[in-house]
Structures are given as structure tokens and as C-alpha cells.
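First chain A sits with chain B, and in the next complex the same chain sits with chain C.
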Partner chain A sequence: MKIGRYAFAALVALIFVFLLGPLIVIIWASFFADKILSFPPSGYTTSWFGAAWAISDFANGFLMSVKVGACATVVSLLLGVPAALAVERYSFPGRETIRQVLLSPMYVPAIVAGAAVYIYFVEFEIFTGFQLAATFGGLVIAHSLIALPWTMRLVCASLVTANTVSEEAARSLGANAVQTFFLVTLPIIRPGIIAAAMFSFIASFSDLEKSLFLVGPGKTTLPIAIVNYLEWSLDPTISAVATVQILIIGTALIVSDRFVKLGKAF
Partner chain B sequence: MREGRNWGGASLVLPAFVLVAAFLLAPLALILRYSFDLHDPIKLMKGVFSTQNYVQAVADPFYQDVLLTTANIAALSTVIVMLLAFPVAYYISRLESQRLRGWLIILTVLPLLLGNAVRSAAWMIVMGTKGVANALLLSVGLIEEPIKILYTPTAVVIGLVSVLLPFAIITLQSVMDSIPSSLEEAGQSLGHSPLRTVYGVVLPLAMPGVAAAAAICFALAMNAYATPVLIGGPTMQMMGPVVYGQIAKANNWPFGSTLACILMFVTLVLTIVSTRFLSRKYF
Partner chain C sequence: MSGVTLSNIRKTYGELAAVDDVSIEIRDGELLALLGPSGCGKTTTLRMIAGFVAPTAGTIRFGERDVTSIPVHKRNVGMVFQGYALFPHLTVAKNVEFGLRVRSWDKERKARRVAEMLRWVQLDALAERSPRALSGGQQQRVALARAMAIEPDVLLLDEPFSALDAKLRTQMRKEIRDLQQDAGITSVFVTHDQAEAMAIADRIGVMSHGKLEQLGSAEDLYKRPVSRFVAGFIGKCNFVEGRVVGAQRFESAEGLALQFGGEHAAGAAALCFRPEHAVLEAGAPASGNSLPVTVKSVTYLGPSTDFEVLSDSGQTLLVSAASGTGHAPSSVAPGQKLRLNWRPEDSFVVA
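Our next item is the complex of A and B:
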């Protein structure tokens, strides 16, 4: 019995090694002294982080991803929080359909959505003369769509679990809908909103497939800069870049876990 | 605060709805239309209505091969993913320590959120001729000289399995949470071994979840882009990269749209199937 239990735990541990091992290796490799990656290394250095930052594609890609991610997060919160409130707190015809439509960007394959949006942007430009493909604005629109379902999901979840008694009390004491939202509902669902912001940012920051069609010269996001670099070379520079991205996303994940227990959110 | 029909409330969804309608639904409708158009080298499109692209996608040996390769690799990856995800999900859902459970879920979700660029880079370092895998196998003496792992179909399957595993674990774990552990205790008190209890009690009850997770994984694998391009190398022809090539490189919008619509259709069907399975667990 006991042996069986240990064997089971060992099997699970092994699967986690498969899942996380490559990430540990890439972090490890970012400190290797040799330019050509080989195991074990001849020595260690931290110079690759500086070297990566000196490559303009990575530095600009990083800044671009941060800017696009921040803008997409703001848009998805500004549109997603009211939408989540409407879907959870009001009843109107077609509510469930609208809920599905707002979650749908999560289910449409990224490569298909990217292709469709790209063609749409180009046609839009032909008709209006207004360029969206390969612009910052176009990227923000596409990334807002990546972020919106995450905001919807997490804010809806916290609205469902939040007690409506205090909202009703506020209304019966004479507060209007707007006052009730800002003074009562918002403080209650604040953790959900913070988690929504974190996940929106992460989803945007790590996106590759949807941005693929929409980036232009000098307007590349970090994941695309990584893929472009990988086509030609595989060295510790790329490990350093990946390590930075793992750190940023890992931190965002742990921060959001403090607000919404991820063990229960999934 | 539900107040019957409330148009003020409904107006709150409007901006988000407009965003999705204008920049996702409309573009999808557009490529659906273009998928029935024909490529013209000068004008891009002929402006006709024809099913020729769909016929070509299914009948042309090259695209037939792409479709079959993609489906085969997706199916194989899905099977392996389900075999690996089941024990992990079961382990997590039966953990007593909430702390450990929370950490394992974070560790499962982290790779999922890192994005495919970083994860493919990590696998490239592991699987290269001078990578960890070869160094390890050499030092143990299992192989005499480095073997080629990267840029093979096997490598693509390994990469896809690691990409899909978190999705499957999360989906299965939430289904297993809803299966009361008292059922297993009942099975064991009848003298069944733990393995037999899982096989006889948990597996049948979790089957809708397994089917749903498998459908989601298969759809995601069909649509994979980064893994076949980076880990599979230039000879690996799968649907995702071919769609990108047709639209962004060859500028053949109609045929690219056709391939994209085929992917979209497969994904749509599988998503509907999976939600059917998932909702059935409540009965």
C-alpha cells in the first residue's frame, strides 16, 4: 500500500520534471560562460543579460510588449468590468449569448484570429486610408481581445461569489447604481480585478501567434523577437531573455495568487 | 440586484460587445467569404464565389499530407497528454494540504502562461545535439554519440505534449474535484486495490472530463504554430505554419483563408463537443 503511494507521488513528480525541467535548464543556461551552448558549461557569467539588452530587437521588443500589455490591460478592464457587471447583475434578453461572445476570443485559435484580423486591417486601410496593421494601435486592439476573456472570467467569478446583500442594502438606503458600484461592489471585487489585470497583462505579454501577423519593422513584441532570433541562433543570449520573461510572468502569477487563490480559480 | 429587464445594465456590455464584434466576428466573417474567392496574382482576389479552394485543400496531395500529418501528430500528442495528465490531476485533486495544492496549480499554470516562444526555446536547448538530453544520455552510456532529436516529428510531439499538459491537468483536476472521495473509500472498503478503484470508480465518473480535455487538446494541437516551426524545423509541415505562410508570405489570401476556416471549423466542432461533455457531468 505504502509503496504504491510513494510510486504514485514519484510518477507525478516525474511529470512535473518534464513540465518544468526545460524552464530550469533555460534559466541555468543563461549563466553559461560559453557562447556555444554545451552541457556542462566551462564556467559561469552574468554578462548575457547585458548582452541581450544591447540587442535592440530585444530591448525594443521588451518595451513594446510592456506598453502593448499595459494598454491592452487598461482597455480590457475598462470594457470588461462593466460587461461582467451587466452579465452577472442584470438580466436582459440574449444575456447568455453575449456572455459566450465576450468569452469567445479565448476559444478562437490564435493563428486563425491573427490571420483574420490582419486581412481585416488591410481591407480597412484600403477602404478608409487609415493604417492599423503593423501599428501600435492595431496591436493594442488585437491584444485587448486576448485580454478581455480573462478579465470577464475572473471578474465574473468574483461577482458570483461576492455577497449581494451589501449592494442591496446600499440601494435601499438610497444610493444610486453608480454610487453602489463604486462604493460597495468595487471594493468587494477588488481582488478579482487585480487578478484580472495581472492575467490580462500576462496573456498579452506572452502572446506570439496573434501578434505574428500584426507586427511591423521596428514594432516587434518580445516573443516575436525571440522567435526571429531562434531561427538563426541558439545561445545564452536567448536564455537570458527567456529568464527575464519567466521572472516577470512568475512574479505576476504569484502576486495574483495573493489576491485570488489560483487553486480555486481554476 | 436583479431588476427584471434592465436596458441600463445591458448598455454596459455594449462597448465590450462592439470590440469583439468589430475585431473578431467581423474579421472571421470576412475570411469565411474570402475562403470562397480565388487568388489573383495582380489584384489579390478575383471577386468570385467558388468552392475550388476547399476542393484543393482536400484533394491536393501536398495539403492532404499537411492535414494528415497535423491530425496524426495532434492525435498522438493528445493520447500521451491524457495518459500523463490523469495521474497528476488525480493526485492534485486528492491532496489534503491546500498549500501544496495551491503551489502545484501555480507550477502547472506557469508554463502555460509563459507563451510558446519561451517554451520552444527551452525545448530547443534541451533537445539540441549538444543539449542536456544528449549530454545526459551520453554520460549514462545509453548512447555512444549524440542522437538527433530536434527537428524530428518525435520532438514536435514532445513539445506539443508539454504545451498541452497544463490545459489537460487543469480541466481534469476541476472535474475530479467534483467526484466525492467517499466513492473511492467505498470501493476500497469492498476490498479493491487503489489502482482498481481508480480504474473502476474514478475513471468512469471522470470520463466526460477526459473527453472534454482531449477535445480541447486536440484542437489546440491542430492549431499549433511555434512548436512545429521551431522544434519541427523547416521540413515539418503543419496547418498553423502553412496558414501563416499562405497569408503573410505567399499573399494568397483566399487559399490561406480556406485553410484557416478549416482549422476554425474543426476547433468549433471540438469545442462544442467538449462543452457538451462538460455540462453532462452535472446530471
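Our next item is the complex of A and C:
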């Protein structure tokens, strides 16, 4: 029994090392003084963070990622919350199909979806003369697709937990459908919506594959700026950029977890 | 205030009739219980009165007002839900205020009404608490205050005591009954617990398979059940299978002649009697019903002693002897052969 428990603890520890090891190494490496990554480092510095910001591709990429992420989050909430409400609270023909379609961007490999969206944008442009590929609007559309399934998942989960009987109580007290939504449903599922917003942002902010096809000159997101930079150089600047990215995503995750126990949503 | 009239209401889901042609006239100020096992249609009936479920056929009227096609939020019903359904994000006072808020009452009138309702259920001290910080009984009183704040035409209660523990349940029963009487509001409550229904309802409607089996006072249902279902559902009952052979004359399946009170058409039927109307004795009485039985088990319960006895045909019958009445020999033991005697006037026949 005892040996079994130790073995289990060791396995769990190993999994954690496997998962967190690379992150720790990257964060550590971002403070190395040497320009060529070497171990052990000859000293430590924080200057790579400043250096990274000075490279316009990173600074612009970061701002672009934040802007696209924010827009995609808003779009995914505007579409995802009503959609989640519809599939959880009403019954109509095609309901399950709609649910699966809205969740499907999560299942389709991102690189495939990225290529598909790109081809679609090109065809769209041929027919209408309206350019979407390599524009900010096009990126927001693609990133909204990345974010939407997360919003659906989290808002659906919180609607399931918030049982319909509170809504019925509101109705019996004289509230119409709109009042019921704003006075009862929305406040009750608010934690789920906040978590959905955080996840939508994270999913967009960290996306590489879908964006690969859709960025254009001067309209590059941060992950793509990182890949571009990596093609030519490998120094702690990249670690510094990655560290900032890890911190932002980590913060968003911790905030989400405060509102929704993430373990319950999946 | 007004009564509620259900006229031939039906609700079908595909082939299945959840509620089948139910008509009930609920009197002004009356507390009516809808009683039955799960799936009997009682909750669907309540939800039709509330307006959550539209009847397939039939009409529902509050007083003279036909509300059949009026949506729930315009129907003016107060409903206490199973588990109460208090709004977790609002305080006790805001919960009670909710119905007034959506009715756009002015601030002062709202405040007055909320204070009045909280005083009524004796929760004025807890107005600013979150519902989560309240006990089950307190939550129920908030739910009642919230439902009654809107001055509803009818109060509906869906299994109102099921979330409470046994002791609190008895206390809340009385409390709800007193508050209902105080407000004088026409009320319908749904329960599967016959003791609960008998304890607080003016009249009870027993439902089974979507149909209203019988409607009457607790005493009517207990003393004069119209069907085998009601006889078995309201209290305990012994059934002796056989047939009616003449005026108040019954013949059991094994050929024993028995008598019963009341009238019943000839033919196959069951003669019923309550456990507390039967006595275990050494011999048969000069007149009256009697069966030879073998004692199977004896359970001393304090106020009474319950016996399970086996008839010669192998049927288990129940006898309940109140302590101190001498309705059973004090030394009855399992295996003993005795006579089970009861009076014809305590017997009734159901088809």
C-alpha cells in the first residue's frame, strides 16, 4: 500500500516536472546575461526585457495580439452567450447540430482551420473585391472562431449549474423574458461569462497556427513575431518575450479560476 | 382573492396523457393538496395553474377570469418552489422585493410592502442577509414572503417541505398553514406525502396516472375511499379479495362469508378494513367478520403495537392495536393461531 502511494506521488511529481519544466527553464533563461544561450550562465540581467520591447516587431506584435484578443473576446461573448442560452434553455429542431457546429473550432486542427479560413477569405475577395486576408478585420474574424467554443463551453456549463428554477421563480413573480435574463440569469452566470472572456482572450492571445495564414506586413501577432525572430536568432530576448506571454496567460488563468472552478467546466 | 376552477384540463405529451381530464373547483381561501405518487400528474397540474405548462385542452379560471392562455408572468400567481429557488445573488429583502420591482412599484411603496412581508414571516432581522446564510426553514419563509408580496390571486406550493428534515417539516407545516389561514389565500400544494396532505389541507385531491381519483377531506378519503388506489394510498389498508354476493354480503376467495357497510354492485371486488379496526382474539365473535390467522410478527411501537398476521390463504394482513385498549392479548407471539375480528361497519368494498 505504502509503496504504491509513494509510486503514485512520484508519478504525479514527474508529470508536473514534465509540464512545468520547460516554462521554468524559459523564465530562468530570460535572465541569463550571455547573448548565446549557455549553461551555466555567466551572470544575470533584466536587460533582455527592455531589448525585446525595443524590437518593433515584438512591441507591435504584442499590441496587435492584445487588440485582436480583446476584439475576438467581445465578438465571442456577443455571439456565444445568446447561443449558449438558446441551446441550453430552449428546445428546437437542430439544436444539437448548432451546439456541435459552434464547438467544432475546438476539434478541427488549427492549422487546417487556418488554411480553410485563408482560402475562404481569398475566395470571398475574388467574389466581392473586399479584402479580408492580411487585415485586422480578417484576424478578428478568425480569432473569434478560436474564442467562440470556449465561450460556448463555459457559459453552457454555468447555465447547467444555475438551474432553471430561479428563472421560473422570476417569471412567476411577473418578470418577462428580458427582465428574467438581465435580473436573474445574467447575474447568476456572470462568473461563467468572466471566465469565458478570460479563456477567449487566452485562446486568441496564444494562437499561432490559425494566424500564420492571415497576418500581413505590419499586422503580425506576438506568437508569429516570436516564430519569425526564431528563424534568424536564438538569444534570451525570445525567452523574455515568452516570459511576458506566460505571465499574462497565467494571470488570466488564475483570475478565471477565481470565478469558475475550472475543473468543473470540463 | 378568488377561487380557482380547473375544467376538464388535459396535458398530453405525444401519446402519453400526463394529466387526463381533471376538473377541480378550488374554493376561495381553501388550501387544497394534490397528492399522489411521482408521475401521477400532480406537478404538471400545478404547473398548468402557474402557467409554466399550457394545457392541451380545458380551461383554468381564477375567479371569473379565464387565465388559460395568459402567460405566467401576467398571471399573478405566487409560487413556492421545491428547494425554494431564492435568487442567490440578492439579499433576503431584495428577493422579497423582486416581484414589486418588475411591477415598477414606487420606492416607498416597495419598502413598505417588503417590511410588512418580512415582519409577517418574522424575518425582519435578517433582511440584509444572503439567502445562502439562512437555514432551510428560514429560506422557506423568504420564499413564501416573496411569493405573497405580489398579492397573488393564488398561492402554489411545489413539494414545499421535501427539502427539510423530519422535525422541521412538522413545524413548518403548521407555520405555513397558519400563514395561509392568516392571509386567507386560495392555495394549492403538491405532495407525495399523505401525512403532510392530511395534516394541513382543507381538501385533498388524490391523483394517479394523470387522473383525479378522489377529491375530499382527509376524513372522506380515509373512511370512504372510492378506489383501491385511494384506500391503499391514504393510510394502511387490508384487502381481502373475493366478490360481492348480495346487499352488504361478501364472499372471500376461499369461501368465507363476510359483511360490509355501505353499498356496492355485485361482482369481483376487495373488502377492505384498516389495521386499527381489527382485533386479535382467541375466538370468533357471535356476529361480525372473522378470519383464522397465524401471527407472523409483533412490533411494539409505544403508542401502539403492530402485528403482521397470515391468513389461511397465505395473505399478509396488518393489525394495529392502540396501547391500553386491550385490543390484542398481551402475550401474542409469532406462530400463535388466533382469530382476526373486525366489525362489518368498519369494512368497505372497492372494485
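To be clear about the criterion, the second predicted complex is superposed on the first by the 266 of 266 C-alpha atoms of A that agree within 3 Å, B and C clash if a C-alpha of one lies under 4 Å from a C-alpha of the other, contacts with A are read in each partner's own complex, and residues count from 1 in each chain.
As a working rule, a contact is a pair of C-beta atoms (placed from the backbone, for glycine too) under 8 Å apart; a residue touches a chain by one contact, two chains touch by 3 or more.
Please read these numbers as outputs of a predicted model, since none were measured by experiment.
Per the definitions stated earlier, placing chain B and chain C onto a shared chain A by superposition produces no clash, and the two fit side by side.
When the shared chain is aligned, no partner comes close enough to touch A:156: not chain B, not chain C.
Measured by the number of chain A residues touched, the leading partner among chain B and chain C is B.
In the superposed model, A:77 makes contact with neither chain B nor chain C. In the superposition on chain A, A:202 makes contact with chain B only, not with chain C.
Looking at the shared chain after the overlay, A:234 reaches chain B, while chain C stays out of its contact range. In the superposition on chain A, contact of A:189 is made with neither chain B nor chain C. In the superposed model, A:91 lies in contact with chain B only, and not with chain C.
When the two complexes are overlaid on their common chain A, residue A:214 makes contact with neither chain B nor chain C.
Contacts of A:119 after superposition: chain B is touched, whereas chain C is not reached. In the superposed model, A:168 makes contact with both chain B and chain C. An angle of 90 degrees, to the nearest 10, separates chain B from chain C at the C-alpha centre of chain A in the overlay.
Measuring only between alpha carbons, the smallest separation of chain B from chain C in this overlay is 8 Å.
Under the contact criterion defined above, the residues of chain A that touch both chain B in one complex and chain C in the other are 168, 171. Residues 1, 4-5, 8-9, 11-12, 15-16, 18-23, 25-26, 29, 36-40, 75, 78-80, 82-83, 85-87, 89-93, 95, 98, 101-102, 104-105, 107-113, 115-120, 123, 141-142, 144-145, 148, 152, 164, 167-168, 171, 177, 180, 199, 202-203, 205-209, 212-213, 222-224, 226-227, 230-231, 234, 238-239, 242, 245-246, 249-250, 253-254, 257, 261-263, 266 of chain A are the ones touching chain B in the complex. If you check the complex, the residues on chain C that touch chain A are 50-52, 72-79, 81-83, 85-89, 98-99, 101-103, 146-147, 150. Residues 1-13, 15-17, 19-21, 23-28, 30-31, 34, 84, 87-88, 91, 98, 101-102, 104-111, 113-126, 128, 130-132, 135-136, 162, 165-166, 170, 173-174, 194-195, 219-220, 222-223, 225-226, 229-230, 240, 243-244, 247-248, 253, 256-257, 260-261, 263-264, 267, 271 of chain B touch chain A in their complex. Interface of chain A with chain C (complex): residues 165-166, 168-176, 179, 183-184, 187-188.
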